[in-house]
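What follows is chain A paired twice: with chain B in the first complex and chain C in the second.
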Partner chain A sequence: MASAPSKLCTDDVSLLVVLLDTNPYFWSTSNDSSVSLSNFLSHVLSFLNSILFLNQLNQVVVIATGYNSCGYIYDSSLSSSSSITKSSGNGRVPAFCSELLENLEEFLTKDEKMSIEESIDGIGSSLLSGSLSMALCYIQRIFRSGPLHPQPRILCLHGSPDGPEQYVAVMNTIFSAQRSMVPIDSCVIGAQHSAFLQQASYITGGVYLKPQQLDGLFQYLITVFATDLHSRNFLQLPKPAGVDFRASCFCHKNTIDMGYICSVCLSIFCKHHKKCSTCGSFFGQAQSQAASMSDQKRKGLET
Partner chain B sequence: MAGQVVVMRAKYRISVKDPGVPGVLKLDDDKFVFIPHDPTSSAKLQVGFRTVKGHKFTKEGTNKQALLNITQDPEIKGGGFIFEFEKFSDRDVCRDFVGKALAKYIDVNKAAAEGSVAKLNTEQLSTTEIDRRINLLREDSELQKLHQQFVIGGILTEAEFWATRKKLLDGDNNRMVRQHVGFKSAMISDIRPQADGWTNKVTFNLTPEIIHQIFAEKPAVHQAFLNYVPSKMSEKDFWTKYCRAEYLHSTKNSVAAAAEAAEDEELAVFLKQDDILAREARQKIRKVDPTLDMEADQGDDYTHMPDHGIPRDGNKEISDSQYDQYKRNLLQDLNRHAAVVLQGRGIDDVDLADPRSVAEALASSKKIELATEAQYTNSNQAELVRISKITEIKDLQAPRELPLAPLSIKDPRDYFYSQQANVLKHLGETTRGMKPVKCHLRTQEAYSCMMKSISYIKDVGINDPTIKPELALKVLNGLTHNISSTKYHLRNNPQESFLNSLPTLMKEELLNHWTSIQELLKHFWSSYPITTSSLHTKVIRLKDAMTRIYPRLQEIKESAQSDLRHQVSLLVQPMLQALDAAFAHYDADLQKRSAKTAAGPNGCT
Partner chain C sequence: MHSTGSPLGLEAVAGRNQLRRLQAHKHPPPPHSLKFHSDLQSPCADKMPQVKIIAKNFMDMVASLPACKLDKLCESPFICEAILRSLPPLAKKYVLQLLYIVVPIPAKSFEEWVLPDGLSKHRVAIDRLIQLRVYIETIDRKKETSYQLNPTFQINLQKQLIHGGVLPREPMPLNVRLPTLEELETYTHEQWECFLLQLISSTQAERLTNFSFAMMKVFQRGLLSQREKEAPRLTENGFQFLLMDTNAQLWYIIREYISNAEERGVDPVDLISFMLELSFHETGQAYNINTLTEVQIITVKDLANLGLVKLQQGRKDSWFIPTKLVTNLSVSLSDSTTRKQGFVVVETNFRMYAYSSSKLHCEILRLFSRVEYQLPNLIVGAITKESLYSAFENGITAEQIISFLQQNAHPRVAERMPSVPENVMDQIRLWEADLNRVEMTPAHLYEEFPSKDVFDSACDFARDYGGVLWEDSKTMRLVVKADIHNHIREYLRRQK
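Coming up: the complex of A and B.
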C-alpha cells in the first residue's frame, strides 16, 4: 500500500469487507434446497478475485459470521500481492483462496469447540451484530490511518434467519455505520428475507438484494456489488421498493402510523395505557408529565 | 440594564466584502446608532431594536474577523447591518448587549401577549427563571421561532409552552452548579513590594484573596493571627508586621532579619521557619514506608538541602548555618504552594473580606480534617479518602439525580418482532418463509458437513466456468428488468434527501409547518382527557391553529411542479393525516361530551 500513496486518494479504490455467514446449521440444510457451501464459496471466491483485479489497490477483508463467534479469515493487505495470481500447492485454487479456506477451517474448528448444545431445533441465527461490529472496527482503523485511505463498504452474504435477540446490537451497528457513512450491502442467500439487512442497507444507503437464482450468484455479485462507491453514482442499481418500516404495537401486533412510546423502555402501544406492560413504568400522573412521558410517535419527514 | 449604553469603535460594512467605514457604534436599550468618523460620510445609522429580527456573529478564530450582523429580515441573505470590531472581546460586549436588548424586546411583547391572551396563567416567575427562558430562546432560534409563533401569537400560554420543555429548563439548572474557584496558581511570595522611588515608603497590597492564601499556605501566620488579633494587636498592626517581615525577606538580608527577630518576638514568628509546617513534614516522613531508602533520597529532601543550591531571585547568599532559620528556600515555598493549590480552598461561603472569619473557618476545617484522619487509624485509607476528595471535580461529575428515568430496554426480541412483520410483509414474504425451518440438527454433523464442503473446493477448485453463459444472461436480464421497473418510482440516491431538490422556499415552508404541527399536536394530545375548562379553551385554540395550517399544506401540495408533486404529497400526507386524526379525535370527544351534558348536569364543560 505504501508503494503508491498518491493513488490511494482516488475515489475508485475500495476496501470491501465481506461478512460470510458460516452458520453450520444453515449450510447443512441448504445443500438440497438452494446452494451448497462449496458452490457458494466458488462464486464468492471468484467475486473476491475480481474485486482484487479491478484495481490493484483494492483491499478485501473477509470476516466469518459464525454461530458462536466471529473472526477475520482473510485480509488482502496482509498477504503478498502475488498470492492473487499464483496458485497454491495443488494448483487447484489461487493461493489467496487456499489461505482464506484454511483460515475458515481453523475458524470453524474453534467455533465448534464453543458449542454448548449437542443439537438444535431449526437453523438458529449467526452473530451478525458481532461481525458487523468487527467490520466497523476495522474500517475505523482504516479511517484513522490517515487522509489517504480506500473507500470502505461492507457486504453481508447472509443466509441465516435474523436473531431477534440481537436487535439492539444490530441496530446500533447499523446506526454507527450510517454515522461513519459506510454503506452496508446485503445479499441474502437464505430462504427468507432479512429484516435486519433490509434496514441496514436502507439506512446506510447500500443495496439489498435477494437473488432469485442462487446458482447464478456470481453474476449477481459482479453486476450489483462489484462497482466502487464512486461509480455507483452513475449506475442504476436495485432499489428497495419502498419498504414499510412502520412499527406494530406490542399489544396487538397491529401496524400503526401513530402510537405511544414508553420513554423508559421504548415499547410501542396503539392506545394510551396507565402503565407500561413491558417495563411497568407508570405514565402521566400530572397533565404536563403525561406529555413528556409518553410522546406521540409519528412517521414522516425524516425520509 | 435599563439606561445602559455601550460605545464601541467599529467599522460599518454595507456587505460582507465591503472594507467598511470606520466610526463609533453606540448601543442603548432600544436602538443602535453608528456615527462615522468622517462627518461627510453617508453611512450614518440609527435603527431601533424593535425592527431587528436577530443577530449573527462570527466564531472566534485566529484569522477571522470579529463581525456582528444585526439583521432586520432574515430572508435577505447577507442583509443586515454588519459591523467589524477590532477585537473579539469588543464584539462580544456588543453581541451580548444586542442579545439582551432583543430578548427584552421579545419579553415585552410576550408580557403584552400574555396579558391580553390568557389571564389563566398567573404563575409568578422568578427573575432567574425568566432569564433562563430568555437564554434558551436566544440560544435556539428554532425555539424562538416557535415561541414567537405560538406564545406571542396567542395560541399557547407562556406556561403551556414551557411545560413541555421542563427538561430544557432543568438542564440549565444542572449546569448552574457552581464550580469552586480554587487558589490562584501564582505564588503569594511573587507579590512584590512596590517602592515608589521617591520616598522610603514601601507599599504592600494585601487583598482578602491574598490573606486567605497566606493563611492557607503559612499555618504559623494563621496561628499567630488567631492568637494575637485582636487581643494583642490590631489587625492593621498584624499585617504591618507581616509586611515588614516580608520586606526583610525580600532584601535577602538574613543577618538583619535575625537581628530584628531578636528584638521583636511577634516579628520572629513571621521570620522564622514555619514550625507547624515543619511538624507536619516530620509527621509525613514518619508515615513513609520504612523500607524506603531515605538515605538515597536525601538529595530530594528540601528540609536538608535548601533550594538544591538554586539561588532565589538570582543571587546566592553566603551560607551561614546560624541564620539558616531566617532563610527561605524556593523549593520549600513551591512545594507548599503547590500542595495548597491542589487541596483547594476547603472553606466555602465565608466572607473573604473579614480575615478573622476566614482564619476561624480555616481553623475549624483543619480540625475536621485532623479528626477524620484520626478516625481512619489506617493511614492508607485516610490517604485514599483524601485523594478521592481532591480528585472529585464537581462540575465534571455526572448528575447524581437524573431528572428522568434512564432508558432500559427489556427484551430486544419484542422490538424486533414489532418491526419485522411489516418489513417482511412488504417484501412479499409468504408465510412459508416466515416459519422457522422444521428440522433437528446435530452440531457435530453440521460442522463436519461444512468442513467436507471446504475440503471439496480445495481439492476440486473453483467451478470452471464459474457460471454458465445462459444462466448469466438470465440473471442479468432479470436484474435489468427489476431495476428498470423500480427506477421511475424512486429517486436516484436514497441517502440524498428529496427535500434538497425542492425550491428553498418550499422546503423551508414544509419544515416550518412540520415543526409547528409537531408542537401543536404535542400540546393537543397532552390536553386529553379534558378535565378543566382551561384545557378546554386550550384545545379550541390549538384546533383553530391547526385548522389554519391545513389549507396551507393543501396549497403547497397543489403548487408543486408536476414532477415534484408526487414526492411533495408523500411528505405532506403524513402531516395531513396527523392533523386529520387530531380533528377526528376532537369531534368525537366533543360529541361524547355534549351527549354527556345532555344526559345530565354532571358533565364537565
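Coming up: the complex of A and C.
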C-alpha cells in the first residue's frame, strides 16, 4: 500500500521528518569535544533550509524528542510554500527558522515543567519511541492523503543514550516503519553508539552514521542525509560497520546477551520464570530444571 | 533526467520516418545535443532534413545561453535557486556537497561515491552542471579533472541558505479584497483557453487577447501552415501541441516569446531572469506594478494575456497578482501535481463522454473523434475509423491519442486500470497499423545479366551483405537494398 502510489510523484520529492533530541541532561553535559545546542541548531537549520531549497514540493517536519514528552515543532506544509525560504522581517535568518526556534523554546519550557523532581543518575534517555511513533503517524496521514505524496523518510538526530525500558516500543516502531517502507536514517551526536538506532537503520534500510567531527556536522548532513531516496540507488552511502543486536529483557529492562524466550509469544527474560508475564503461558517444570542446570545451552538471543 | 517519456520531447518536421528514428532514442541523448535552436543555426539546414528538437523545459533554454550571459544570470540569488531546483536529483546533491568547499575536488573522488548502476546518471548530472556553468571544470597538468562550484553561484546560494532571500518587491498591503486562489485558477484557465482558441482559429474565440497580430503570428509559426490565399491549417506540430498538457504548451509559448525578444529589442537574459524571479513570488498576493522597469511592465502585460499573472487597478496604483502557472515556471516539467483533473470517459463501445463545457476541449476531441452532440456540460462523441484516419492523416499518432485519453481520464475511470478500455486502445493501434501496411525500402533493380553465372554470383554476393530483397532466376532480375548498391556495382565491374 505504501510504496506503490508514491511512484506517481516526481523522483526526488521528499518528506523529511527530523527528530531532534532535546534532552536537557544531554545538552548540559556536552563537553568540549561535542557541540553546543545553539551550534548544533545552526547546522541543522541550514540543513533543513537546503532540503526545502532543493524542490518546491519538498516538505520538512521537525519533532522534538524531549525528556518527558515529544512534540511537533515545525511543519513546512503549514506555512505558505513560497515564503518559507524567504527572509524574515529583520533579514537575518529565513522566516521558517525563527518560527521553529520559537516553537522549540515553547516546547522546552513545557517539557521542563512536566519533569518531576527526582534524582537522575547520568544523562537519562529521551523519548525516542514517542517521537518515532509521532513521525510514523504523520507519515501514515500523508500516505492516506491521496495518491500524490512525497517520499517520506525519517532522520533521527540523537545524542542521549538508549533507554532500555523503551526497547519494546522502539522495536515496534521500527518494524512498522519497515512495513510501510519508511527508511530511518540516524545521525548519532552523542558519545556512544546507539544500539536502537543501529538496528532501526539496519532494518529499515536507512543510513546510520556517527560523525567523527561534530563541527563539520552540516557537511555530514548534506553529503549523507540530504540524499533523496531516488538518488540512493546510484550512490554509495556509509555502511554500518557492525550492528548491536542485543535486546532488553521484559522483566528488568536490562540489555542482555543471553536470556530466556517464551516459546509462545517470544517475550524475553533475563531469569527463568514460572509463567510468562506477557501471554500467561506456563513453562514446563522439567525443562526449566534442566535449563537451570545448564544455562549455557539455553537458546541464545543472537540471530 | 526524469523518466517521463514526453511524446514531444523530440519532434521532427521533415517526415514521419525522422520522427520515428528520433523517438527510438528513449534514453535522453547527451544534454549538449538538446539545444533548442539547433535548427536555426545549423549551417547545413537546407541540405539536411530539417529536424527541430524541442527543449524539454525552460532550463534547457537557459543552458543553451552563451557563458557570459549565464554568468550574468548567476548574479541574482533567486535565479541560482531556480537553477538549483531545475537540476536532476543527483546534480542537486552535488551542488550542495560543494557548497562550502572552495578548493577544486578531483573527479575521481566523485566517482568513488557512485555505484556501478548510477554511472550514466552521474555523467548526466555532471554534464548538466558544467553546461549551466554551476560547476567549473579544471584540468591540471597531470590531466586530472577536478570540479569547483562557480564562485558567484556559491556565494549567492550560501547567502540564500543562511539569511533567506529577499525579493525585490514586497506584497502590497491592500484594503481591497483580492481574488481567492480558486478565482485565480478559473481566471488562469479561461485566459489560457481563450489564448489557445485564438491561436488555432481566431474566428472561434469569443473575445480576443490583446496580443498584437505580429506576436500572434510568431506563436503560430510552426503550428499553423500559413500559405497565402488559404485559410491557415493546423500542421502536424500544431495537432501535437494541442494534445500536450498545459505546462508543456506553456513552455512552447514562452520559448517562442523569448526567442522573439531580440526582434522586439529586448535582451532575452533580462526576460529569462524576470520570469524566474516571478516564479518566486507568492501566488495570490498583490505586487505593485511601479516596482517594475518599463520592459518588465510590457512583459507583465503580455503574461497577463496568457493568464500567468492577473492585472488589477485600484484608485491610485495598479498591481499584478501571480497565478499558479507562473509560480510553477521554475518547477521541472515532469511535475505531475500540476496536472488538472481529467474529464473524458471512454466506453468499450467506442463512445466517448467528455464532461466539459470548454470549446477548446471540443475542438481537441474533434481532432480524432466524431462529436455527436453537445450538452451544456457534456460532449458526446464516438471514436470511429473515419475520424481516426483523418487524425492519422494530420500526423497525430495512435500513441498520442491514447496518452491524451489516459492523461485526461475522468477521475472515476482514472482509478481503474487501464483507464481506457483495452479493446479501444488495441483498435486505435490496429487502425494505425493498417495505414502502415506498405513498408518502403529504397532499392535498385538489376537486369540483363550477361550470364547465369554472373547473376548467381551477384545474388550470392548480395546475400552475403544481407541486401537481397527479391530475385528471379528465370528472367535474371535482382532487387537489392539501396545501401549496398555501390558494393554490387563495384563487384560487377570487377567481374567483367
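The rule is simple: the second predicted complex is superposed on the first by the 229 of 303 C-alpha atoms of A that agree within 3 Å, B and C clash if a C-alpha of one lies under 4 Å from a C-alpha of the other, contacts with A are read in each partner's own complex, and residues count from 1 in each chain.
What we mean here is this: a residue touches a chain if its C-beta (ideal position, glycine included) is under 8 Å from a C-beta of that chain, and two chains touch if they have at least 3 such contacts.
What you are looking at is a predicted structure, and each value in this text was computed from that prediction instead of being measured.
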Exercise. After superposition on the shared chain, which partner residues are touched by A:Ala95: those of chain B (first), chain C (second), both, or neither?
Worked result: second
Exercise. Who contacts more of chain A, chain B or chain C?
Worked result: B
Exercise. Is A:Gln236 touching the first partner chain B, the second partner chain C, both, or neither of them?
Worked result: both
For this session: Give one of first, second, both or neither to describe whether A:Gln56 is in contact with chain B, with chain C, with both, or with none.
Result: second
Exercise. Touching A:Asp12 in the superposition: chain B (first), chain C (second), both, neither?
Worked result: second
For this session: Classify the contacts of A:Leu108 with the two partner chains as first (chain B alone), second (chain C alone), both, or neither.
Result: first
For this session: List the residues of chain A that touch chain B in one complex and chain C in the other.
Result: 46, 92-93, 97, 218-219, 223, 233, 236
Exercise. Considering the complex alone, what residue numbers of chain B touch chain A?
Worked result: 163-164, 166-167, 404-427, 429, 433-434, 436-447, 449-451, 453-463, 466-467, 471-472, 474-476, 478-479, 482-484, 486-487, 489-490, 493-495, 497-499, 510-511, 514, 518, 521-523, 525-527, 531, 535, 571, 574-575, 577-578, 581
Exercise. Mind pulling up the chain C residues that touch chain A in the complex?
Worked result: 2-3, 81, 84-85, 89-90, 92-93, 96-97, 99-100, 112-115, 117-118, 121-122, 160-167, 280-283, 327, 330-332, 334-337
For this session: Show which residues of chain A lie in contact with chain B when the two form their complex.
Result: 22, 24-25, 27-29, 31, 36-39, 41-43, 45-46, 90, 92-93, 97-98, 101, 104-105, 108, 111-112, 115, 117-123, 161-162, 164-169, 191-193, 195, 198-199, 202, 205, 210-213, 215-220, 223-224, 233, 236-250, 253, 255, 257-258, 263-268, 278-279, 281, 287-288, 290-292, 295-296, 298-301, 303
Exercise. What residues on chain A touch chain C, complex-wise?
Worked result: 8-12, 46, 49-50, 53-57, 80, 82-83, 85-88, 91-95, 97, 148, 218-219, 222-223, 226-228, 230-231, 233-236
